[in-house]
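Heads up, the next two complexes both have chain A, just with different partners, chain B and then chain C.
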Partner chain A sequence: MAKHRGVGMAAVNYPTGMNLGGDPSQALIHATTTGTFVITLSSTDLGQGLKTVIAQIGAEALGVPFENVLIDTADTDTGPHCMGTFASRATHRVGNAVIRAAEEARKVMFEVASEELEVAPEDLETDGQGNIRVKGSPEHSINIVDLALAAHFKYGKTISGRGMYIKPKSEVDPDTGAMDPDSTEAHACTVAEVEVDDETGEVKVLSIKSAYEIGRQVNPKLVEGQIQGGSLMGMAHALYETTAPYYPAIDHAPGGFNEYIVPGPQDQPEIESVVLEYPSVNGPFGVKGVGEMTANSPIPAIINAIHDAVGVWITELPATPEKILRALEEKRKEEERGAE
Partner chain B sequence: MKPKIVSFTLNGRPVDVMVRPMTTLQNVLRRQLELTATKAGCRQGSCGSCTVLVNGEPMAACLLPIEDVEGQEVLTLEGITPLHGLHPIQEAFFENFAVQCGYCTPGMIMVTKALLEREPRPDEATIREALSGNLCRCTGYQAIVQAVTDAADRLHGNGGVS
Partner chain C sequence: MTKQLLNVVGQSVHRRDGMGHVTGRTTFVDDIQFRDMLYLKMVRSPVPHARIRGIDFSEAEKVPGFVRALTHRDVPKNIYTILCLIGVGPDEEPVLAEDRVLYKGEQIAAVVAESEEAAVEAASRVVVDLEELPAVFDVEEALKPDAPVLKPWGTNYFIYDYEYGQSNPCRKVRFGDVEKAFAEADYIVEGRYQMSPIEHAPTETTGCVVKPEPDGRYTVYTNTQALFFTLDNSALILNIPFNKLHFVGGTVGGGFGGKVDVIVEPIAILAAMKTGRPVKYVFSREEEMRCSSTRGAWRMYFKDGVMKDGRIIARKVTTYADAGAYNRHTPYAVTKHAANVAGPYSIPNVWIDAYCVYTNRQPGSAMRGFGVTPASFAVEVQMDRIAHTIGMDPWELRFINAYRNGDVRPHRKVVEDATLIETMKAAAQLVGKELPEHLLAMNSWDREGGHHG
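== the complex of A and B ==
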């Protein structure tokens, strides 16, 4: 009776967005009279940081400071249409829509600035600090607050823009079967290290180390948060979580949150990750999705590590102590039969 | 059972509430007093999202009958949040990206407050033990543990450790 260590590896190739009947999202931008750029969406921030990254993308595309951007979202009664926050699609789809809306809003911004500064719109640029200035002559500039006020009260214009991004539906080629169901794909590889107790069947995950290739990172800390959280969710799927431990029987099914096992602060293994940035062709500033994929590769990596540790394959999740002990017993019996 | 009046101190102020016996502190806070920083996650005492401090000790408000806080001091997240800006623990959670969906955050912060009052410079194992009654589904905990360490620095200085 002993504890055995094992190492396992798994890789994931994850599509951003979906196909179905096409995958659209819309964004609307308008400037308030005091130069706040409101980006109206229906896309929901689930905590992954969508509002932050969309504000970053919007600020970059508009050429205004991050602080001047306000995200107004999640009311599907009043907002422009969004397919939703799923399929790791939101940053890609909504970001693209916002860039298009920003292009239209910038056009109006430059038209008004052109009147105010008495130069052609094409001779103007944003400085990213809240000013529009004459190229090569930065002392000739106008602050976006003054600009927004002038647009509204002097010229009767709304600084606004409409943006739409759609990934058109891709049909299957009847001859070859070829299709283009997603926009871009992110990749990751995870190595998990475990310790399996062959007496109790318990598995302790010691570390989860991953390399991610996810296009351009809009916000590296939020990406890290997705990877850390996903790693632990993956571990929980691999070892603990189920609503039917004896599926299809409902015996011992959790009757409430109390009995549904999720890892706590003391169950967290060492989590490490590196990110490679290979920008995608069609994402806003080259992004790909890094949401759901983070909970994927840890699961097979842990199952492979269990095999490496004690030589049994667990083929149904989660890998509970009972399943591991039964598999070990089966293995011993087979070895005894082989020895006879 | 007939309603009765329960008196206690909430966030430094005396309050009297008219309640039916065995109403939980969680329901009094959220429904009656509309103080919704105290969350209602599992309502079974297992997730920690409803943690408040009673006389400085973390308690699950969902399991606490309101009669039990008669004459006691109750502190919720609203009670430590300044009118302007953030409490140093809140700042630490914010700066360390320790918040994702945010539902566990009020409970995590209240536990952190109690911990740092008892132990100004906890090590990682002590932090994880203190937080062991609080579940987070999003972050994987690492950022939360970092935030608690950072909060200790913000409240007590970093003691010459960089």
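== the complex of A and C ==
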């Protein structure tokens, strides 16, 4: 009876977005006379930080400071249509819509600044610090608060923009399955190290180390949050979680966190990651998406590590101690039969 | 691509709502209170499959605080399917059960009362007269001729392609000729994989509060992941104009796909319409775990033809998604699954049959990874089994077969954003795995020899 260490790897792709019914989102932007740029949406933030990353994309596309951008979202009376927050689509779809809205708003900003600074719009640029300035002559500039006031009170213009992004519907060929179901592909490769106790069947995950390629990180800390959370979720999926412990039977269905096993702080493995950025062809600033896939690659990596440790393939999730012990017993019997 | 100079994209600015979350000051749906608010609780099926002979509310009505009950007769368009908005049909799930229940925990009748305690008490006193029927839980059992039939159209599987005048029992992908390739392969490697159903386990359970407004509209405060999607489905179920509904969301306390079903809103709006008072319907933790959708379980059979040099020349996959009792999002998950179950590899001959199967289990539906998580699990364990069978390093097997930009995937989509090889190299470097020169020389833009597979 002993503890055995093993290492396993897995490499996966993850598609961004859905589109078998068409996948649109809209965004509206307007500047108030306080110099605040309001981005109006109907998208929901699931706790992953959508409101923050969309404000970053909006600020970048408008060329104004992050602090001057306000997200007004999740109201169907005021916000334009969004399909919803799922399928790793929100940053990609809403971000693209925001960039388009920002282009329209920027055009008005430059028209007004052109009047105020008495230069052609194409000779102007934003400095990202809250000013529009003359290219090559940064001392000639106007602050966006003054600009917003001038647009409204002096020129009778609204600094606003409409943005729309749609991935058109893709039909599926019934005979061949030909289809275009997504927008881009993110990637992950995970290496898991485990320790398997052949007496108790328990698996301890020692480390989950991964590389991710997600196009562009809008907010590295929020990406790291997805990686940490997803790694643990994948580990829990591989080893602990199920609503049907004796699937497909429905008995013993857990009804609360006393019965539904999720990892606690004591189970936390070492989680380490690197993030690569190969900008996608169609995402905002090259974004692909990181929302879902971080939970995927740890599952097969852990199952493969268990095989590396004790030589059994656990192909029914989760890999509970019971399943591991039964597989080890089966393996011993087979070895005995082979020896006879 | 030229390097863009970016100001704030790429910066780890603090999230705007972070302080609210960590100090407990973010308002969630369950925090919303109105003075004359009513509470809705469900009468649920205690068995997985039964005929409903009758419902008796007489004892429930005696509970102090009982206001009224709702049955399927109160729901204008009781039978629906969520994905009707993208053309998926036919409708097949009742908002409230009519003459039959198909899973343990299914919604049969709603009770609204002055307090949560009264609603729970009244719901517990509703007597449902049930005639239990034989149930089927296993996806492959459900497809056998002697299995109890769960759907009005007579099969226990979703029918694909009816919009093209076809009636296919599964989503098919056909690419090349797998049987011919199997005959030429040096090895055949087979595998069976079973994905478990799991709970989304959000911190905040699914729920909504509906407030009738003086102008005749209804404000719905909800933690749905998809406001318009839920609004549209609710209006269709209630047969009211879309603009009678005003949905307000915000920060959701964890979704993971569990909040894209449309379960709590239609019945809570109906209760508000019938009583003229605000109504709250929020799942208990037990309801969230035992009654609401889970990740769909999935069974997958793989047969691969492999050459001695590691090239996978054929992959034949038959998979069964366990939708549980109703469609929810599973018919679409199966299609997404079919597009990904050959994995991020260029395999010249692929044959996929992906079924959406009904059982008497709690419905499976959307969850983080939606159809791809089971595919990635099966594909990546299968890859290691192939490597083990042919005696090759699992890293090398993946490099050799990795898809490249310009390749055509089995569903005929041209690969344009592939970086699997670069990602694997980075992971190898992270863990100190030494890769041989011929693998390090590979990249996702050029195939060795200069041509695309």
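Worth pointing out:
Here is the rule we go by: the second predicted complex is superposed on the first by the 329 of 340 C-alpha atoms of A that agree within 3 Å, B and C clash if a C-alpha of one lies under 4 Å from a C-alpha of the other, contacts with A are read in each partner's own complex, and residues count from 1 in each chain.
In the analysis below, contacts are C-beta pairs under 8 Å (C-beta built on N, C-alpha and C of every residue); 3 or more make two chains touch, one makes a residue touch a chain.
Bear in mind that the values here come from a model prediction, so they are computed numbers and not experimental data.
Touched residues of chain A, counted separately for chain B and chain C, are more numerous for C. Using the contact criterion defined above for the overlaid structures, shared-chain residue A:V290 touches neither chain B nor chain C, since it reaches no partner.
When both complexes are overlaid on chain A, the residue A:A59 reaches chain C alone and has no touch with chain B.
When the two structures are aligned on the shared chain, A:Q228 is found in touch with chain B, with no touch to chain C.
After overlaying the two complexes on the shared chain, residue contacts for A:G256 are found with chain B and with chain C alike. Once the two complexes are laid over each other on the shared chain, residue contacts for A:T44 go to chain C alone; chain B is not touched.
When the two complexes are overlaid on their common chain A, residue A:L124 makes contact with neither chain B nor chain C. Touch criterion met: A:P318 reaches chain C, while chain B stays clear of it.
Contact with chain C, but none with chain B, is seen for A:P15 once the two complexes are overlaid on the shared chain.
Shared interface residues of chain A, touching chain B in one complex and chain C in the other, are 46-47, 49, 221-222, 233, 256-257, 262.
The touching residues of chain A, when paired with chain B in their complex, are 46-49, 221-222, 224-225, 228-233, 256-258, 262, 264-266, 268, 271.
Partner chain A is touched in their complex by these residues of chain B: 41-42, 44-47, 97, 99-102, 127-129, 131-145. Note for the complex: chain C touches chain A at residues 1, 4, 6-17, 21, 48, 83, 85-87, 104, 137-139, 160-161, 164, 166, 168, 171-175, 191-199, 201, 223-229, 231, 245-257, 259-260, 285-286, 289-290, 294, 297, 322, 332, 335-336, 338-340, 343-344, 352, 359-362, 366, 368-370, 372-373, 376-377, 379-381, 383-385, 388, 394-395, 398, 402-403, 410-413, 415-420, 422-427, 429-431, 433.
Contact residues of chain A toward chain C in the complex are 8-15, 18, 20-22, 42, 44-47, 49, 51-52, 55-57, 59-60, 63, 65-66, 71, 73-77, 79, 81-87, 128, 169, 172-182, 184-185, 187-191, 209-213, 215-222, 233, 236-237, 241-244, 247-250, 253-257, 260, 262, 272-274, 276, 278-281, 285-286, 288, 291-293, 295-297, 299-301, 303-304, 307, 313, 315-318.
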